[in-house]
Amino acid sequence: MTRPAPGLLAPAHLAVSGLSLSFGGLKALTDVSFEVRPGTITALIGPNGAGKTSLFNCISGFYRPREGHIRLDGQDITHTHPPARAKAGLARTFQNIALFKGMTVLDNIKLGRHAHMKTNLLQALAYWGVARREEMELRAEVERQIIDFLEIDHIRNKPVASLSYGLQKRVELARALAMRPRLLMLDEPVAGMNREETEDMARFILDVKEEWGISILMVEHDMGMVMDISDHVVVLNFGKVIAQGPPAQVQGDPQVAAAYLGSGNPAELMRRLSAIGEAA
Amino acid sequence: DEKELVIGGSIPLTGVFAFAGVAIEAGISDFVKITNEAGGVAGRKLRLAYEDTAYKVDQSVAVFNKLTTQNDIHLYYGDSTGFAKTINEELNRRGTILMAGASFGSELNNPEKYPFQFMAGPDYVEMIAILLEYIAKEQKGAKIVFVNSDTEFGRDPIEASVKRAKEMGLEVVGQIVTPPTAVDVSTEILKLRRANPDFTIFHGYVLAPLPEFLSQAKQLGLKSRFMGTFWSMDNSLWANVGAPADGYMGVMPYRYYYDTAPDAPILEKIRKLRPTYQATGYMQGFLTAMLMTEAAKRTLDAGKDLTAKNLKASLNTIKDFDTGGIIGVPISIPGNSVPVGRIYSYNAADKQMKPASDWISLKK
Amino acid sequence: MTAKPILEISNIEVVYNRTVQVLRGLSLRVQEGQVVALLGSNGAGKSTTLKAVSNLLQLEDGAVTAGTIAFDGAPLAALTPHGLVRRGLFHVMEGRRIFEDLTVEENLVAATYALTGRKAGPASFDAVYAYFPRLYERRSGRAGYLSGGEQQMLAIGRALVAEPKLILLDEPSLGLSPKLVEEIFTIIARINRERGVSMLLVEQNAAVALAVSHYGYIMETGKIVLDGPTERLMADEDVREFYLGMAGERGEKSYRDIKHYKRRKRWLS
Amino acid sequence: MDWLFFAEVTLAGLGSGALLALTALAFVLIYKATRVINLAVGEILMLGGYLFFAFSAGFGLPVWAAIPLAIAGGGVVGAMVERALIRPMLGEAPISVFMVTVGLGSVLMGAVELVWNTDPRALPDFMGATPVFIGEAYVSRKIAIGFAVAGVVIALFLLLFRFWRGGVALRATASDQAAAYSCGINVPGVFSLAWIVACATAAGAGILVGAIGGISPTMGVFGLSSLVVVIIGGLDSVLGALVGGLLIGLVEAWAGTFLGGEFKLVTTFSLLIAALMIRPYGLFGTVEIERL
Amino acid sequence: MRIATAKETYIADEGLLTTRTQRAWMIVLALVLVLAPFVLNAYWLYLACLVAINVASATGLNILTGYTGLVSLGQAAFMAVGAYAVAFLDGHLGTPFLLNIFAAGFVAAAVGVLVGVPSLRVKGLYLAIATIAASFILHFVFTSWVSVTGGMSGVNVAPARLFGIELASPFALYFVVVPITALMVLAAANLFRTRIGRAFIAIRDRDISAEVLGIPLLQYKLMSFALSSFYAGVAGGMWAYFFRVVTPESFPFATSIFFLAAVIVGGLGTILGPILGAAFMTLVPELLKYVVEWLGPVFPNAGAALSPVRTIVFGALIIFFLMFEPQGLAEIVRRIRRFFHLWPFKT
């Protein structure tokens, strides 16, 4: 595998402090603070409706927080426009797949690079000079570094709409990687995947961290994977951070177990469920 | 083999002006038939080659191009002011076609700018001038309101007519403009009531919204009399309106289908050909064909080529010409129009437009 | 338990857009009162199977080209999708598919159409709110603003309102927190055990799915490749490795240890 | 300022606004159930006018029979159109379906021209002529009747959607057809119903509009004005149709009176753009949920 | 049957015409276009020019509506802006033909940007109606700004002149109009090979996620409006030289519907779509006239009686094509191509 040019993708440091967000009366986030250290995988977990996706949206600029700051490598980006953040190295995938249905896989991936390209309208209409060169470079890079890496060469010219769910998630990851990310945000990357596909995805995520040297922030409900691959875990509940630390420590936290994890034990669950059967 | 004389036609058989187009087509066709039965024109058979334009300028142009490539055309019927203006350059360039049409646009009544076109009646300004003369005779210093639709057609004569009315000592107490698509005119009625004129002159409408104007005005007891121009003067349209239509007046350059005046043998013929009422568009088409054919006949009789210049010159030689009674007085065409007309008034009991004045010829 | 099947699928084939064949001679049955799990990898055709049962395929330009499906002893090919629902077959679709523009309560009202011709009195949502108190709190808010998990609750809540005999559940645990997964599956089990509702359950979370069900099917590329009572499936080595994430006798394996080239499924045809 | 005149103009505006609102209802009903803007509403309105003309003037039926027959005729056309053209387009892009309704408009217009030719016609008078006076203010009788009818019909629909679960079925169908099916909602039934009721409403509006301004194959443009109403009120809101209709009626009346008829359209359309900048989904339209 | 063509380089893979057959067809087409004026009569040349003008405008609308997803019913008004711009420049400043055409594009683009401003907040069909509003407001400007537009009676345009040759006949204009249109179509095709084209499509498919992925929405939506109206403006400019008179009624609202119909019937979001659609929509009414003519002997007076039938058939054809092929004519062409590509195997 080819590594990206060194220096280009210095892993980013994200610091969120005192973030609050509300929708009408609903407080989606309250005074949320945490950090993503360069080159680590930070997992964001919490019950449904805790505000994880909303937090992602604040970081990528789709929601405007009421209070608080978001800093990328020390620079305050709380009020920058979403496209500028993308250019600064924030890339993400979406909980409900947001691929562009009218484009092929290849075009979806190429789109990720948009903010880093320079072709202007006139050059584009003429497809001459910069436009042509830039497109060719992009194509070569995408092929070498992303399509090969994620093993999606067989589908590159297919329209994304015809792909199965698992592959679509993989294309989303590919598009995010094409954005030259320094911080990659993944919203439920393995939801709806079976064990085998989850393993594939986990391997990609680890590779991205280790070989590309990218910081990763990830929302995920698959505790097996979260606990195995993350370096740091932040737990949200009702919009507040209720715990954070290394995976093992968080897993042991009784508050987290009560709000989020449940029994965490299929055998125990099975016993409970058969008890229901007998009672009836 | 046998030489023909072809009248080309861009005629709106569909679209907003279709009601007129259908009648026009019938009128021209009948004229062609009658002429051919009488042996044609200077030994040539007359033929109408036409197509529908939906009253759209680009379609009219397309039809023009198509017909002129397929036929040897020297006479042409065009359907709108827009078309007349658009095609004018082309007519000048070709110099082989004399054109007239459904437009009485006052702009076209300009032999310098439109040397190869004419209209078989007064232009819109002249029509209103005829109305004004009638009014001035009826009631000195009468108060007038102009009501027009906000279209090229509707706006055409208003400015000039307001000026003329003032010159004639009439008082213009209001000008009302309605959007092109208006059906409901209740606010305009209110304005009219404020102005309280003796005469209201409509222009730029065919039928709607005039009946509503008339009936509401009656309800309100307005004293105004209502008048309109050629395209709103069709008898059958008003026949459906019923009582409110009674007393509606307007300027009409031709006789109506049912006119049994002794000096109108052509109408007799038409009634034989078509036993039911034919609309005013029919007369317009018929007379237009007659005049352009006359121009061609005079050109051919003089042994000249059928160039636009010769055709137009021949047309302008028409003097005290008998139209077979379609127009009640002999006509002359010194320029681009035939500034003659007569005031008719609708009689609801008989369901007929009845003459309310003598033929009025405008003096230049 | 009597062995009367409430749903019987025999040898069906399904084709999309008249070109893409997705199911190839698939058969399965659900006994009355049982929960049956249907497992399989992405794109195997699980959702397609459920849509074939609920007659919703035609909406996506798909068609059953061979085989039969019988619900409650009667072939269902002739029934309209809504007619089927009114007879007691309810499909909780993949991706939740709640009505975003409607409020939570209106979503439940919409589900009362399933009772047409079966129940006279006004429907009550108390049972739903008892199972999912969170929905009660948000009952007059627009459903589109609910979080993913809340929407899933609503989707299952609609099924409850419909009082069906058979529920087809398509990935109910998708995007739910571990705790909620347990809760929802507990509720699924309760609905089954307390009300005797049969279920056909499609799930990626094999552990919980097998925990609540009596019988299981495993499908790959449009065919059933393995089936049996849950106990037997859970003992199968491949099921343990590929669906439950257990490595041999040692128990669960870690995601950190995954090799780049791994053993692929044996039954893959 | 002449207050009586102002009051009269205002009343006239409200009256014509009510007719716009009634026609707008036809857009709203179809949009609510199918997310389709039916650009043929204007032509169906025209057809309603012609059907009434045919039944009353043609067959000589009394007005009380001709009106329901014309309305029912509109409904029948709606049912046929829905079955033949709209249902097969289920699931296609809304813009394609929109274009189909444009084609439909052309077909209906051609059909009317074929049967009744292109002459503009006046409908037999069935509303009487005595003007109505509210206080001292004059109101045209036809406009007053139109106002009353439109008011009653819209109020009925408002009540219906308030207290009948059918409204939920309608919106559920629009939101997600597959999910609506899976809730036991008769989706094709809802579609048919929406089209039948909407087209019947449009046909009824056509009788009123035709009674005021006469009928002609081009009277379909009235549909365009009420489309503006729907956009200002919100595409899926009955209340929006009412408020939007009255608002546009008023603005047109005031603009036409105090600025001049040539300003009517610009004023309305400028208002439309301004309104959309402030409320992009109209006054009462459902805001589309945008989440990532 | 052709065996799949393996491509050696990315350049080849990203070309507009990727197979030899495609290139061959393109050469044939170019030859046909060059030779056509020497074969066709004035009527067909007139139609060819009209088709070319409409293709240019429809291609522009397709950039906005088909690729960027912003439905516009204002295309006719933008064309009118271009036409008036030409009329003004030609009449008042006497600037040369090509410059005027270009300037018409720019003026229209500026107006387009203005009209596009609401597009950031207003979406979907609401936006479509807002563009209707804009076009009626423009119409008002055309009728009222008499000193520039000549008011209701409009302005005349002198024949175009290029290198001292007067371009008055369809034959002469053909050699200007068709190449300009061809260039514009080519430019549009190029656009969608680059980041800007991709950004447009992304906005169409899901604008909010596009923004998070680095695409400034307002800038690109306005750019799309500008480009689309530039195309309309150039088309309108050519129209002005073609008809040589511009009035407020030259571009009625129905023309906007015509263009939208052309793009949809042809196939939204494809380069071929607007070409086929504009040709289809322009020529069908003409062809229907021939049908009526043939029927003439069978039904006397067919012209008058059958013309409503034409209106019906026209509407019915739109309906039929959309029901039969909702993706438009371009999809049919694609299917035919695929058929020959794989022939004799079944797809």
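In this document, chain identifiers A, B, C, D and E correspond to the written order of the chains, with residue numbering beginning at 1 in each.
Basically, contacts are C-beta pairs under 8 Å (C-beta built on N, C-alpha and C of every residue); 3 or more make two chains touch, one makes a residue touch a chain.
The model shown is predicted, which means the values in this text are computed figures rather than measured ones.
Student: Touching subunit B and subunit C alike: which chains?
Tutor: Touching subunit B and subunit C alike, sorted by label: D.
Student: Going by the contact rule set out at the top, which chains touch both subunit A and subunit D?
Tutor: C, E
Student: Counting only C-alpha atoms to place each centre, which chain is farthest from subunit E?
Tutor: With centres defined by C-alpha atoms, farthest from subunit E sits C.
Student: Sort the other chains by how far their Cα centres are from that of subunit D and give me the top one.
Tutor: Chain A.
Student: What whole-Å value do you get for the distance between subunit A and subunit C if each is reduced to the mean of its CA atoms?
Tutor: About 28 Å separates the centre of subunit A from that of subunit C.
Student: Counting only Cα atoms for the centres, state how far subunit B is from subunit D in Å.
Tutor: 36
Student: Hey, how far is the Cα centre of subunit A from the one of subunit B, in Å?
Tutor: The computed centroid separation for subunit A versus subunit B comes out at 74 Å.
Student: Roughly how far is subunit D from subunit E, centre to centre by C-alpha average, rounded to an integer in Å?
Tutor: About 32 Å separates the centre of subunit D from that of subunit E.
Student: Which residues does subunit A have that touch at least 2 chains other than itself?
Tutor: Touching at least two other chains: 53, 62, 94-95, 98.
Student: Could you tell me which residues belong to subunit B and also touch two or more other chains?
Tutor: In subunit B, 14, 18, 22, 150 touch at least two other chains.
Student: At which residue positions does subunit E touch at least two other chains?
Tutor: 143, 208-209, 212, 308, 310-311
Student: Tell me, which pairs of chains are in touch?
Tutor: Per the contact definition above, the touching pairs are A-C, A-D, A-E, B-D, B-E, C-D, D-E.
Student: Which part of subunit D faces subunit E closely enough to touch in the complex?
Tutor: Its residues touching subunit E are 37, 85, 88-89, 92-96, 98-100, 102-111, 113-114, 224, 227-228, 231, 235, 262, 265-266, 269-270, 272-273, 276-277, 280-282, 285, 288, 290, 292.
Student: Under the stated contact criterion, what part of subunit E meets subunit B in this complex?
Tutor: 41-43, 46-47, 50, 143, 152-154, 156, 159, 168, 170, 243-245, 247-250, 252, 285-286, 289, 303-304, 307-308, 310-311
Student: Touching residues of subunit A toward subunit E in the complex: what are they?
Tutor: Going by the criterion above, the answer is residues 60-62, 81-83, 86-87, 91-92, 94, 98, 100-103, 107, 110-115, 117, 119-121, 123-127, 131, 134-136, 139-140, 143, 175, 179.
Student: Across the complex, what residues on subunit C touch subunit D?
Tutor: Touch residues, subunit C against subunit D: 54, 56, 59, 80-82, 85-86, 90-93, 97-102, 106-107, 109-116, 142, 144-145, 158, 162.
Student: Show me the residue ranges of subunit D that touch subunit B in the complex, using the header's touch definition.
Tutor: 5, 8-9, 12-13, 15-16, 19, 57, 110, 113, 117-122, 124-125, 129-131, 138-143, 209, 212-214, 216-219, 221-222, 224-225, 252-253, 256-257, 260-262, 264-265
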